[in-house]
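These notes open a run of structures that come right after.
Two complexes follow with chain A in common, the first pairing it with chain B and the second with chain C.
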Partner chain A sequence: MKKPMNWSKISLIIAAVLLAAIPFVSDSRTWLILLTQIFIFSILAMSYDVLLGYAGMVSFGHAMFFGIGAYTTAVLLDRFEPTLLVFSLSIAAGMLIAGIISFFVGLLTLRLKDHFFAMLTLALSGLFLVLAEKWRSVTNGNDGFTFSAPDVFRDRAVFYLTVLALLVVVYFALRRFTNSPLGRVLIAVRENEQRTKALGYRTLAYKVIASVVAGVTASLAGSLYVVSLRFVNTSVMAMDVTLDALLMTIIGGVGTLIGPIIGAGIIELAQHYLSDLAGEYPLFERWIIFFGILYILAVIFFPTGIAGFFKSLFSRRRRPEADAPPLEPAKPEVPR
Partner chain B sequence: MEPLLRMDDVHTHIGQYHILQGVSFEARAGEVGVLLGRNGAGKTTTLKTILGLTPASGGRVSFGGTDVTKKRTHAISRSGIGYVPEDQGIFSTLTVEENMKVAMTRETEETRKKLDTVLELFPDLKTFWKKDGGHLSGGQKQMLAMARAFVGNSKLLLIDEPSKGLAPIIIEKVMEAIQEMKQHTTIVLVEQNFMMASRIGDTYTLIDDGRTVQSGRMADLAGNDELKRKYLGIG
Partner chain C sequence: MDLFVNLLVNGLATGMLIFLLASGLTLIFGLMDVLNFAHGGLFAWGAFASVWFYTATGSFFGAIAGAILTGIILGLITEKLIITPVYGNHIQQILITLGFMLVLTEMLKVVFGPNQLAAATPEWLNGSWVFGDIIIIKYRIFIIAVGIAVFTVIQFILRRTKIGLIVRAGVINKEMVQALGIDIKRLFLFVFIAGAALAALGGALFAPYSGVIYAEMGLEFAILAFIVVVIGGMGSFPGSLLAAILVGLAGSFMAYYVPALSLAVNMLLMAAVLIFRPQGLFTAKG
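For the complex of A and B:
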């Protein structure tokens, strides 16, 4: 968990600074857009990891919170002047709505155990998808609508830097959250809920908190996502969004925050290159199959995700005392 | 004097099974009460029922004079009951330190003092302070589980078969620790190892098939070979 790893904080800050320098040294639009996309999905994947990796709650409905942020921002920017103020307010409004809904979703864990909870979140997000399709006066249904982003974001570099800054803020905020006493209790709940109750914790409250933190963060990602496209349609509520978040988290490493970021990078890059290749070799049009293979390979070779793999490499080298011999005597040997 | 913990004709159902069918039991402040009985008699279920993990379906559990039968687990625990489960329940991805911190629901002067006491009792824990709970050996896990329950600031500790699967030398250590904890809290102990039970227990309660069949002072049981043979298969 949080072994003394200040080097990690420093290297992360260096990475962020290097990433921030990119728009000043390169003028590749493709890369800026791709990296912006990676940052946005990193935020989404981290939010999913708060549920899966820390609280141990499996949700198949995370897309609904992403979609709530997406639609709130899109609708408000469309109906009002597309200013920075409206943009910021729309993010706040999305987070508020997502917060309220994720609060009630969290409460559902009281009555529903594990897979029933997962099924229910799936059904709920399905409901939101249908709502987005049918509420045409607001969402324009499946077709969706385009809208204008705030003027400053016309410069891709500005938007890139904004999203990067938000990613850094979210990362450190979530890191604080997961390393706090509260985060510790969440891990305890994931491991053994009964035991945690017996220690005097009202575990439901902790699950609700995790649900709200995850929902609110996912909504932020949704808001940023639609601004990057200047377009929204029902795909933001689709199951694919949840699956992407799930895949990114598992491939990158569950229960770490850096893992989901790595996972988002890998999946987005793979999607990008595989769809490029599809232009030349029709085989790659089925890039989703490659994801399946990637996923299987990841589970076989990196069961704790890529981040977990490196963490264990690192800790093995750095903490030899952790493998000190046990202090109790060996079991008496049976004479032969 | 009203006992610290009192169970009156408690019944517990788990699903459709009627597991406890009339357990009555008292633990007096400052004493060690031992629950005895063969495998499957219902000793673990009795402890879980006290904590509301498997809530009672009939009868009454009172702690410190208040009825806790219908209270929820976290509230019962907060009212001052610590628990060392049979499987220890160590959080395997938390370090020893983090396991201890989770157990100290509120850090006060007193819990910090208790932490010092417990680290003196189990100096091994300090050696493994930063190690993940999942990597500890069975004996170390048992020590951590006891230490964790001890710092929780409980008036009553429920300890389920602490000697299970441990080497004799470690059992000796665990017993020492229980003796030390006894100075601070009341203890209800489930123990199959009769030698150990009779050494630390002040009172005994015999449970068979989910019912209390006999209880009294430990000294009386030690001399009652018939009872021991009938319900414990020893003596």
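For the complex of A and C:
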């Protein structure tokens, strides 16, 4: 059966191509750095949304996976030659470590219900923050350390294009993941875990998979983040990272992948421009307040955020069941 | 010996402050299944309000009364605007109370400025008693005394009055209490405001104890309070006192003997309790 032309896919590819053209038509360094930052946080926010929007779990420990990627890349680039090979290997190593840790963290925490899950992830990421602060021989604690990035990234445009390419890859990979039968089971877990269990799915296993996917992706974001700064300190493990991801995901749109990208764009741009305004109007120094209020309003009135709002506008014209096939009962497992 | 006594008094005083924060949290959770992540914000507001009222009125009791009043007003706002709209949806509750925490913290910086403030100890609580080589700071004893007094009063209300009976019954089975014709929403509002007032009182007492207050301290203490609530058992009032003392003492002794592990110990304790005994060490009983 031939699929109809996928409209959203095409418009996204056009957007990506337009973004890729920016460094060739403009030479504003500020813009390149700002957009790079937006892409990196988009990856982080998308990874958070796999947990929050698809599996329906609020984790307060996402910073630990971001931090793992950040420290792995920073330490490896610092100890070995700052080459592209070490950079790539450090990203892979970070993702591997984050994958292993998120697997065990998932096994430990995902049995617990909402509140307890949130608190246990908070505690575990607190432990990682303490570890980063105290393990001074590797992390240099709160002071952090600087390191050199691979030479090719000295040209900001190259790094910009690399991050953009990775964002596109991550987006389509996660899109594939969430649209797969596995992703549909996760959505079913979010909607009604008891019923999914009753259909014969081992929900814990599915949730652990989601947690690993989210952890690995967050680690990639962390690796890119420190390379963009050429500096790392304990702030990459701090609660603020989780809060940023949460704000971006909620405001942009939970349960969509484009939402977190929109959210990351809005928050990073606003942070940039509102802190400029702060010079004239001191109230804008506290720009986060506006987002806090926006966030609260979004939770109450627009639980699906900006992306969900537009999606519901468009999908009114389509039959709603078209994009969500019903979940089939699991194939029975033969007991051993 | 003097070291031991000092660490003991220190730990008990910190424990009592955490208890003031955690006791409200645990009752709110036990009664309504609401875990208020904004509770630490109320604590911080209590601290800032007390410093403001202390400068304004010049009286320590004026400062405490002002802080409690602030706590009551903020508690009312939180319950009506933040908790009620998402009642029954756990995920939304966690998200929205965390967002409100952010707003409360930033509002503090708008109102009182972004820098940390100095907090003075009132004259009559300043100084210390000296017994041989043991030096006991008066203010710490004062905090412990207030903590015990608050515990006694609330325990009396819970055990001996009708409203306490209803609260205890609500913690065990709220559907049944509702079926018996009691407006549990109103009861919840009452408990929530009481919890907010206790958190603000805790903040007010903390201000002179630490000497400086800053907006982010809300989240720091809230994490300790969550640990206490988990260890003590969600909904258990005496459990929250015992767990708070445990966490306070562990913090004070570890900070002296193994400083690298002082925060980690409490986190590990909570992780262990959540994994092996999720209902907490002490469960709510009738």
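Just so we're on the same page, the second predicted complex is superposed on the first by the 300 of 336 C-alpha atoms of A that agree within 3 Å, B and C clash if a C-alpha of one lies under 4 Å from a C-alpha of the other, contacts with A are read in each partner's own complex, and residues count from 1 in each chain.
In the analysis below, a contact is a pair of C-beta atoms (placed from the backbone, for glycine too) under 8 Å apart; a residue touches a chain by one contact, two chains touch by 3 or more.
The shown structure was predicted, so the numbers you read here are calculated from the model rather than taken from an experiment.
Participant: A:Ile306 contacts which: chain B (first), chain C (second), both, neither?
Facilitator: neither
Participant: Once the shared chain is lined up, is A:Leu243 touching chain B (first), chain C (second), both, or neither of them?
Facilitator: Touch partner of A:Leu243: chain C, not chain B.
Participant: After the superposition on A, what does A:Ile97 contact: first (chain B), second (chain C), both or neither?
Facilitator: neither
Participant: Touching A:Leu127 in the superposition: chain B (first), chain C (second), both, neither?
Facilitator: It touches chain C, and chain B stays clear.
Participant: State whether A:Leu32 touches chain B only (first), chain C only (second), both chains, or neither.
Facilitator: neither
Participant: In this superposition, which partner touches a larger number of chain A residues, chain B or chain C?
Facilitator: When the residues of chain A touched by each partner are counted, C comes out ahead.
Participant: Tell me the contact category for A:Gly292 with respect to chain B and chain C: first, second, both or neither.
Facilitator: second
Participant: Based on the superposed arrangement, let me know which partner A:Ala198 touches: chain B (first), chain C (second), both, or neither?
Facilitator: First partner only.
Participant: Now for A:Val226: first (chain B), second (chain C), both, or neither, which partner does it touch?
Facilitator: The answer is neither, since A:Val226 touches no partner chain.
Participant: Of all the chain A residues, which ones make contact with chain B and with chain C?
Facilitator: Looking at chain A, the two contact sets are disjoint.
Participant: So in the complex, which bits of chain A are touching chain C?
Facilitator: Residue list for chain A touching chain C: 56-58, 60, 108, 112-116, 118-120, 122-124, 126-127, 130-131, 134, 239, 243, 246, 250, 283, 285-286, 288-289, 292-293, 295-296, 299-300, 303.
Participant: How about chain A: which of its residues touch chain B in the complex?
Facilitator: 1, 3, 181, 184-185, 187-188, 191-192, 194-203, 255, 319, 322, 324, 326-329, 331-332
Participant: In their shared complex, at which residues does chain C touch chain A?
Facilitator: 29, 35, 37, 82, 85-86, 90-92, 94-96, 98-100, 102-103, 106-107, 109-110, 114, 219, 223, 226-227, 230, 260, 263-264, 267-268, 270-271, 274-275, 278
Participant: Please name which positions on chain B make contact with chain A in the complex.
Facilitator: Answer in residue numbers: 51, 53, 72-74, 77-78, 83, 85, 89, 91-95, 98, 101-103, 105, 124, 127, 130-131, 135, 137, 139-140, 148, 152, 167, 169-170.
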